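Structures for review follow.
What follows is subunit A paired twice: with subunit B in the first complex and subunit C in the second.
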Partner chain A sequence: MITTTSLYDQLISFYNNNSAGDEQPWLKDLRARAFDAFSTQGFPTTKNEDWRFTNISAYLKENYSLLPGSVSLQNVKSANAIPSFDGYEIVLKNGMLNEDVNIEGVKVTPFRTALQDDHLKLYLSKFIPLQKNPFAALNTALFQNGIVIEAEKNAIVDKPIHLIHVYNAEDPVFIHPRLLVIANRNSKLQVVESVFVTGESPLFLNNVTECYIAENAQVDKYYLQAFSPNIRLVNFTQCVQSSNSLYNNYTYTIPGANLVRNNLHLDLNGTNTESHLYGLYLTGSNQLVDNHTSVHHLFPNCMSNELYKGVLMDSSRAVFNGKIFVHQDAQKTNAFQQNNNMLLSNKAVIDSKPQLEIFADDVKCSHGSTVGSFNNEALFYLKSRGIGEKAARNLLVNAFAFDVTNKIQIPAVRKYIEKLITQKMSEAYD
Partner chain B sequence: MANKSDDILEEYSSKEYEYGFVTNIEMEIAPKGLSEETIHYISAKKQEPQWLLDWRLKGYHSFLKAEDPHWQNFDLPKVDFQGISYYAAPKSSAKFKSIDEVDPELIATFEKLGIPLSEQKILAGVAVDAVFDSVSVATTFKATLKEHGIIFSSISEAVKEHPELVQKYLGSVVPHSDNIYASLNSAVFSDGSFVYIPKGVRCPMELSTYFRINTENTGQFERTLIIADEGSYVSYLEGCTAPKRDENQLHAAVVELIAMENAEIKYSTVQNWYPGDKEGNGGIYNFVTKRGVCRGANAKISWTQVETGSAITWKYPSVILQGDNSSGEFYSVAVTKGKQIADTGTKMHHIGKNTKSRIISKGISAGEGQNSYRGLVQVGTRADNARNFTQCDSLLIGDRCGAHTFPYIESKNSTATIEHEATTSKIGEDQIFYLNQRGIDTEKAVALIVNGYAKEVLNQLPMEFAVEAQKLLSISLEGSVG
Partner chain C sequence: MLLNIKNLQAKVEDKQILKGVNLQVNAGEVHAIMGPNGSGKSSLASVLAGRENFEVTGGKVLFDDKDLLEFSPEDRAREGLFLAFQYPVEIPGVSNINFLRTALNEIRAYHNQPTLESKEFLRLTRENQKLVEFDAKLTNRSLNEGFSGGEKKRNEIFQLAMLNPKLSILDETDSGLDIDALRIVANGVNKLRSDKNAFIVITHYQRLLDYIVPDFVHVLYDGRIVKSGTRELALELEEKGYDWIKEPVTSASI
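Presenting the complex of A and B:
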């Protein structure tokens, strides 16, 4: 049964009115399938196991417009700057390229241009299980803007690419940003994403990112989620790895947005791959931050390692669900997963669900999950050495987060995140 | 080497179930089907009071409203509830004064199962309340227990003799509307055990019941109720074997444990029901609701289970930690082989302050067996300083089996400390090599390693059971060299 909301009806009629455009037949077909998948599922409710602890109904009630307002670029750079970060900056206004980009070895194309032929037929929503992901299906059906970043064969991109998404939230908007990253053979690419929003009305981002990593290629992807409270983000990342590839995913959530839901799906579609998933969520006020990850080991000799850490304050709520599937052929798999949480308030709630599903025998898999608070002995130790309560707590939280922050390979980004943590922690104890 | 282990595996998996035999005793069987009349029939047969009949009917109505769950990690076979007979009793269902009066064929059955229902048992210190299908046929050691004021009887007897206790506690932990199988059980439960340990009494012996499903097409709906009053202690054992059947048999039991202030209940299970043949035909569906509540402060409930049988084992013995400083434990070894499925685990609800729980689960999958651990650790806002430690390990033998873990962890209290860890691996070649080197053949080496792996759980079992369980485990893994 589908619970229909006015938004659901609105989306249905929006699709019906806009699907008649002159798009490639394969794309039309894909969009129709995706929309069908969305309309039969509807928005997920807590009865859906994957959304059991994440009730989004309140966030769907706004009177959203489906077309974003226009965006001006004032203050964007200064407000969003990561100090001393040396990267190729790409600013996207409502998902549209602001200016032409010239990076050696990398092609950056807006979807509007890229979808003119069938080059993307091989990639677009190829691996996303649309029947199980209504949000990703909805995005596939409706997205218009966004870009394709394609690293050429053997291209080693010298500096990280910094994507700054700029949105206007003067009025409530519901939009579908999309990003496609293709790393061809032997290429190496780093992508850092951050978001800048003007206006304080609710902004619902139904984001989909796909990442295809060919043989011997390497991609590092960072998503810095330091949002303002009016943001609701449902983020779906699908990564497909071919043999001998390496993928590093970093998700850092800092107090702010009402709702953050990150779905991260990895398909290890070749042998000898390596993947690292790092996440940090610092939650405050009445935030709800939900990280769902799933890693599918499909071939032998792959290694995946996942580490997510959370610090919960105020009446915030966090959800972690990590799934590792080791399929029958994936012998010699090494898969590790760890989730640690610090609960700093009695009103905060954590739901952690690490999950292993293993169908091969020659594997080494483990997961661990902990929930705790400040270690009183550690606090006492610091205080007895003349460090104040606030500073001591700050130090301990930073130390707790260190396991994740020290994995950041771009020093400027790392400093930026560490500063944000310190700042948010200090605010919390003031 | 690969070939050899395949051969052994083949040989083992084709091995017939050792305890598959049928006892021919005249039975009194209710007509198949479930309706209000069936419940009236059962209730009348057992000469039950009106309140119990009413309660059964409530259970029946919740059963009608309930839907099959859909979250489990296996395909739930459609159970034809109308194709089951809900009451079976041996014809000679009179009470026996001594063992001599019991039907000799029945005794022989128990002998085959290795249940010494004789005077010698006194030496072993085990009181046996043997449940043969639905009616309790012999109860021993009553006198000793009576001295201490302990009530250990079949639940139908308890309904007659201690109605006030049964009425007060029946359904207080597992309500009649809990889940579809608990509702079914509430409506049609045939018999089961009742234990009451009075204040301050330490039960001098291990209480044990052997269950055995016999008549074809008769689902067993056991109901067990154990109450440990303030400051008392009891250890209860449950063990099962079932004869070979072609049709699936449903077993939907309910076990309720109630521990008052300072009381302790230890509940151990060894389950070895018929798992079905090589193709996965037949075999028992073991869908059981087991739950205990630590009502008072410092109460303790401990579940230990060794699950080697059944086509599908589906149960989550849980503890509600209501009293301050109360503690709950769960120790489990689950072995699946052939086409067996186990979806088992526990729930620990921390409600009171300083409550503790400990979960040790060891899964072993061989052949095409699927083994799932599903657990819930829940810490409420009042449960200051709650502490949980969970460890669930899986061992895989063969490349067509599966091991799955679904732990749910939920904390609403910042002073709580919860730890969960899980590993999955196969038996190391280096471990086997080491033992081979010292003259231990591969088969024995595997048994040794597995027994060592499960030791933490087996150690929790009372002596008599530990021996049986160890034997079961090594039989279960014969030839399953990874």
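Presenting the complex of A and C:
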């Protein structure tokens, strides 16, 4: 049974009124299938196993506009800079790319242009299980803006691409950002995403990112989720890896947004792949931060390694659900998964659920989850050297996060995240 | 007087550990506290440093004429008290250098002194590493992580040198040290001794006192100091063991 909300009805009529445009037949067909998948499922409720701990109903009740704001956004670059970060900056204002981007070996194209032929037919929502993911289905049906980043064959991109999403939320908005990253054979690419919002009305981001990594290619993808409180993010990332490819995914969530739900799905669609999934969530106030990941080992000799760490303050809640599927053909799989949590408040709640499903018989797999608090002996040691409570806690939280922050390959990004952790910890403690 | 402990009593959970300790320490002095296992030596160090699970149930401690027990552990350190841990903690992810710089600057801020310049800090680090013969690489290494037992103890003495406290308590610093490491640690302490600071050396064995020669030796037994003397007392204990100390207390209490 579908729980209908006025937003649901609003989306149905929005789709019906806007689906008659002159798009490519394959795209129209995809959108129709996707919309059907959304309309039959509706928005997920806590009765859905994947959303058991994450009740989103309150976040759907706003009187959202379904079109992005149109206020011109000035001077956003300087306001959202990561100090001394040397990368190729791409600014998307409400999902629109307003300037030409010139990066050697990389093609950056707005979807509006890219969808005029059938190049993307091979990629778009090809691997996303739309029947199980109503948000991703909804995005597929409705998205208009966003970009395609495609690294050419053999292109080793010398600097990271810094994708800055800028939105204005003067009024409540519900939008569907979309990103497609294609790394062709032997290419190497780093993408760092951050978000900047003006205005304080609720902004619901129903984001979908797809990432296709061809043979022997390498992609590092960072999502820096340092949001303001009015943001509700449901983020779906689908990554498909071909043989001998390497993918590193970094998700860092810092206190701010009301709701963050990250779905990260990896299909290891070839032999000899390597994947690293690193996550850090520092949560505060009444935040709810939910990370759902799944890794599908489909071929032999692949390695996946997942480490998510959480630090929970105030009345915040976090959910970790990690699934590893080792399919029958995936012999010699190495798959590791670990989730460690530090609860710094009596009111904070973590639901952690590591899962392994193994159908092959020659594999090395491990998974684990821990929940703890400060190590009092370490805290006393620091204090006995004259370090005050606040500085001592900062040192220990940074130390706890160290396993995840020290994996950041870009020094400026690492410094930025560490500074944010210290800053948010200090604010919480004052 | 630098430290004046008057009738100090403390308990852990429901167990009375210190039952009335009296001790006076002046600047320029080295005091050794000896005693059998479980007599309360390390507890005394913990209570003075402000470890949380100890509850002071009576008595007074004056440090430089201030009420020490009123201070938080960090303020005790900032006032010039230093505890060299028996078991220094490993803290993965906190670099030695960042830790030391934070400690020094928090202590300086407490005394309204400006933050130490990087150059000056590094000079100080180099100098003191040399002074206490501690050549471990400190940059890019986590606090005590991967250090051998000896290195951890030497790191304690190095921190002592960096923080330059008025009163240092060495809690069984000799335990787990081979003779060479013991000599290096003792040399470091001897170089740091001055007429402005004082040391309380807690030890089980007199061996350490061959290298760090104390002005006074006290025997702690069953939560009290039952005997005080000079260096010769330590030698006597080495020869006779602790049993002859225990007897009078036990018979008196019957």
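Quick note on the criterion: the second predicted complex is superposed on the first by the 428 of 430 C-alpha atoms of A that agree within 3 Å, B and C clash if a C-alpha of one lies under 4 Å from a C-alpha of the other, contacts with A are read in each partner's own complex, and residues count from 1 in each chain.
Keep this in mind: a contact is a pair of C-beta atoms (placed from the backbone, for glycine too) under 8 Å apart; a residue touches a chain by one contact, two chains touch by 3 or more.
Quick caveat: nothing in here was measured; it's all calculated off a predicted structure.
**Q** Identify whether subunit B and subunit C fit side by side or clash on subunit A in the overlaid structures.
**A** Aligned through their shared chain, the two binders fit side by side on subunit A.
**Q** Name the contact category of A:328: first (subunit B only), second (subunit C only), both, or neither.
**A** In the superposition, A:328 touches subunit B alone.
**Q** With the two structures laid over each other on chain A, which partner does A:359 touch: subunit B (first), subunit C (second), both, or neither?
**A** First partner only.
**Q** Who does A:383 touch here: subunit B (first), subunit C (second), both, or neither?
**A** second
**Q** Could you tell me if A:371 is touching subunit B, subunit C, both of them or neither one (first, second, both, neither)?
**A** first
**Q** Looking only at contacts as defined up top, I'd like to know whether subunit B or subunit C touches more of subunit A.
**A** Here the partner covering more residues of subunit A is B.
**Q** So, A:395: does it touch subunit B (first), subunit C (second), both, or neither?
**A** second
**Q** Look across subunit B and subunit C in the superposition and give the shortest C-alpha distance you find, in Å.
**A** For subunit B and subunit C in the superposition, the minimum C-alpha gap reads 15 Å.
**Q** Overlap the subunit B and subunit C contact sets on subunit A and report the shared residues.
**A** No residue of subunit A touches both subunit B and subunit C.
**Q** Give every residue of subunit A touching subunit C within the complex, in rising order.
**A** By the definition above, subunit A touches subunit C via 375-378, 380-389, 391-392, 395-396, 398-403.
**Q** Could you list, by residue number, the parts of subunit A that touch subunit B in their complex?
**A** It comes out as residues 49, 328, 331, 341, 343-346, 348-373.
**Q** Quick check on the complex: what are the subunit C residues that touch subunit A?
**A** Residues of subunit C touching subunit A: 49-52, 72-74, 76-78, 82-83, 85, 88-89, 91-94, 98-99, 102-104, 106-107, 110, 142, 159, 163.
**Q** Would you mind writing out the residues of subunit B in touch with subunit A in their complex?
**A** 71, 379, 381, 394, 396-426, 482
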